[in-house]
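Please find the structures below.
Next come two complexes built around chain A: one with chain B, the other with chain C.
What follows is the complex of A and B.
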């Protein structure tokens, strides 16, 4: 009996702990999403002049990032290779006679991303749209709340099963 | 520490997926052996959320930025549950932040999940000892916490520098990857100290959170 009471206290404290930890993580979350550690470079296009601003999604530049440009017809061998400057800037002239999807690989210390440029039949160069930051933030919030909810749900269910077992006949 | 898509050869990614599948199968079997496999789901879910959030926080260590991994802590607190928890965290990070990759998911899971299992076995050396002292717990907690990230960094470094493509400056990439690895030494210290402080506290208040039995009171005689 004493053991059962101790188990009940333990389960209830586990639920409280789960709830507090869940709330803490959910509250801390907004501060971290703004600082998410990934790569989010920006591309500016002026006719055939392409300027890549290699940066992390904190806005910090990827100094001396290595850039490799691939043509649509040769995705294996680089058409152009180079190194971004200290501000993470790399500029080049794209050959807009080669229609199709070009890839620009930006890399430093094993991290980076691949950007895509589209050259249309008329020679117009455009870049793929970047990710929606607001949507990403909302999705990340949903994930954190969902994980916290799972934790709370399973801690509640576990406690309820133990309570039922102690119901006297 | 997250390798993005397109940066390492597909053969390496295939091996990563194979190892991850095997490790996940072993983890699920170990979890199924427990008396109540669902009992640790709340803890696993919370630590997955903590991993999801913590490894998204950049910590500037000039000239690069690093981030927390929490592999050591997850290994200590979750045991084999840590591997699927980290795998789920990586999937969510890719889907939400495009952090890491899908072709590199197996590789990233190995980089961060296998060190968590190593940390689990390091802490296992003291977990079942009945009256282990707080200082011993602190030492093993520190080792488990820091080894988790040191192993992850070592694996990341090894994979990146052995798969540098021929069309980039290999020397520059090696140098920057080395700097990135060194930048994680302070992070390993932080995680080691944090785990060392947390473990004796949890043993006192909630020993079940780290899979330990409550410490017996020392006789006054």
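What follows is the complex of A and C.
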């Protein structure tokens, strides 16, 4: 009896956890299920060193993607042109004396996107917050932490019930 | 004194008029079926397809100045100063020769700035269709003439055009364009691409449609195809039609079906 009650509590807790996790995923990633083979590159910035990881939304790298970098003061003519390597990586040193919004065009056959970088007045370089890949990385972390917290909460609850039931009447 | 007052008044009036005058140019909305439509292509399953007519009907076409702040992921519309044409336009993407330019839909006056996002709806034209494909497909000794009419509606919200050059830049007195690009290779696949390439793995091809032809003729609608094709084939067709809209190789969000296809 004791064991079956504890198992029942555990099952109910897991169902609740599954439901909450499902709701979180649906709310935070509404387009995930319907998303086709898209482009979701990621940018890493270290001072003035910019590294673009060109990739599809499957995580597969965009090997040898064509890359063109545009400056704020000449947005229609490429400032730098190059090709990503076999792993879809393209690195360059941004001129942080040119304040404003830069654009990085990433293309391969039938696929492409434009990423935006901002150079502030103090020379700080940042990526546009709307970048899909960057934002999803942040959201994924939130979901993981939330799920871990929920799991801990329910595991503690079921544990407390088990302990209470073991207390002799 | 009176002279001084007049001079000051004249100066003020001049400043007012200068301030009121807004710099503007001409923004052209264009539609492009690319070489797949203009020159024909071979489907993933080996059918040589030529288009006589590829009609798409669009409305509520708008271009926005978002300063790079729009990502077509969640279905939200672009936010920023915009220009639009709300007329209904039916465009034949196959018009012109094999090297024809993208089709001019409408030219509008536009304030200076960079138009880096676009949205449009695909609506039913006078014939009731949003898309109409008329042409022929040939494979081995088989010839199929087709007239495929799609009555489904779609709504696209797209980011910046991705192509050989950046577009949508308007300066005082200049002309530039924004483009609605339609990727019909999504539906039929591309024989020149590897069989395991994304463009082919998810495409319908032409064979399922060829199988429906009678005496070398296929005349059908989207609704009829829902009964004529298998469940999987129709789902594939519906899925890929929703992903037609692009901005060059840049992606769009298709709001009616909740698709975002960053392809291209």
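General remarks:
Keep this in mind: the second predicted complex is superposed on the first by the 94 of 169 C-alpha atoms of A that agree within 3 Å, B and C clash if a C-alpha of one lies under 4 Å from a C-alpha of the other, contacts with A are read in each partner's own complex, and residues count from 1 in each chain.
Everything below uses one rule, namely that a residue touches a chain if its C-beta (ideal position, glycine included) is under 8 Å from a C-beta of that chain, and two chains touch if they have at least 3 such contacts.
Quick caveat, the model's predicted, so the values are computed rather than measured.
Ranked by how many residues of chain A each touches, chain B and chain C are led by B. Once the two complexes are overlaid on the shared chain, A:116 sits against chain C while remaining clear of chain B.
When the shared chain is aligned, chain C comes close enough to touch A:128, but chain B does not. In the superposed model, A:81 lies in contact with chain B only, and not with chain C. In the superposition on chain A, A:101 makes contact with chain C only, not with chain B.
Once chain A of one complex is fitted onto chain A of the other, the partner contacts of A:63 are limited to chain B, with no touch recorded for chain C.
Shared contact residues on chain A (touching chain B in one structure, chain C in the other): 35-39, 56-57, 105, 107, 109-114, 131. Per the touch definition, chain A reaches chain B in the complex via residues 10, 13-14, 17-18, 21-22, 25, 28-29, 32-33, 35-39, 56-58, 60, 63-64, 66, 68, 77-78, 81, 83, 105, 107-114, 131, 136, 139-140, 143-144, 147-148, 150-152, 154-155, 157-158.
The part of chain A that touches chain C in the complex is made up of residues 30-31, 34-40, 56-57, 70, 75-76, 101, 103, 105, 107, 109-114, 116, 128, 130-132. On the side of chain C, the complex with chain A involves touching residues 67-71, 73-75, 114, 159-160, 162-163, 165-166, 169, 183, 185, 193, 198-199, 202, 239, 243, 248-251, 253, 257-264. Chain B contributes residues 2-7, 36, 38-39, 41-43, 45-46, 48-50, 52-58, 63-65, 67, 92, 95-99, 156, 159-160, 165, 167-169, 172-173, 176-177, 179-180, 206, 208 to its touches with chain A in the complex.
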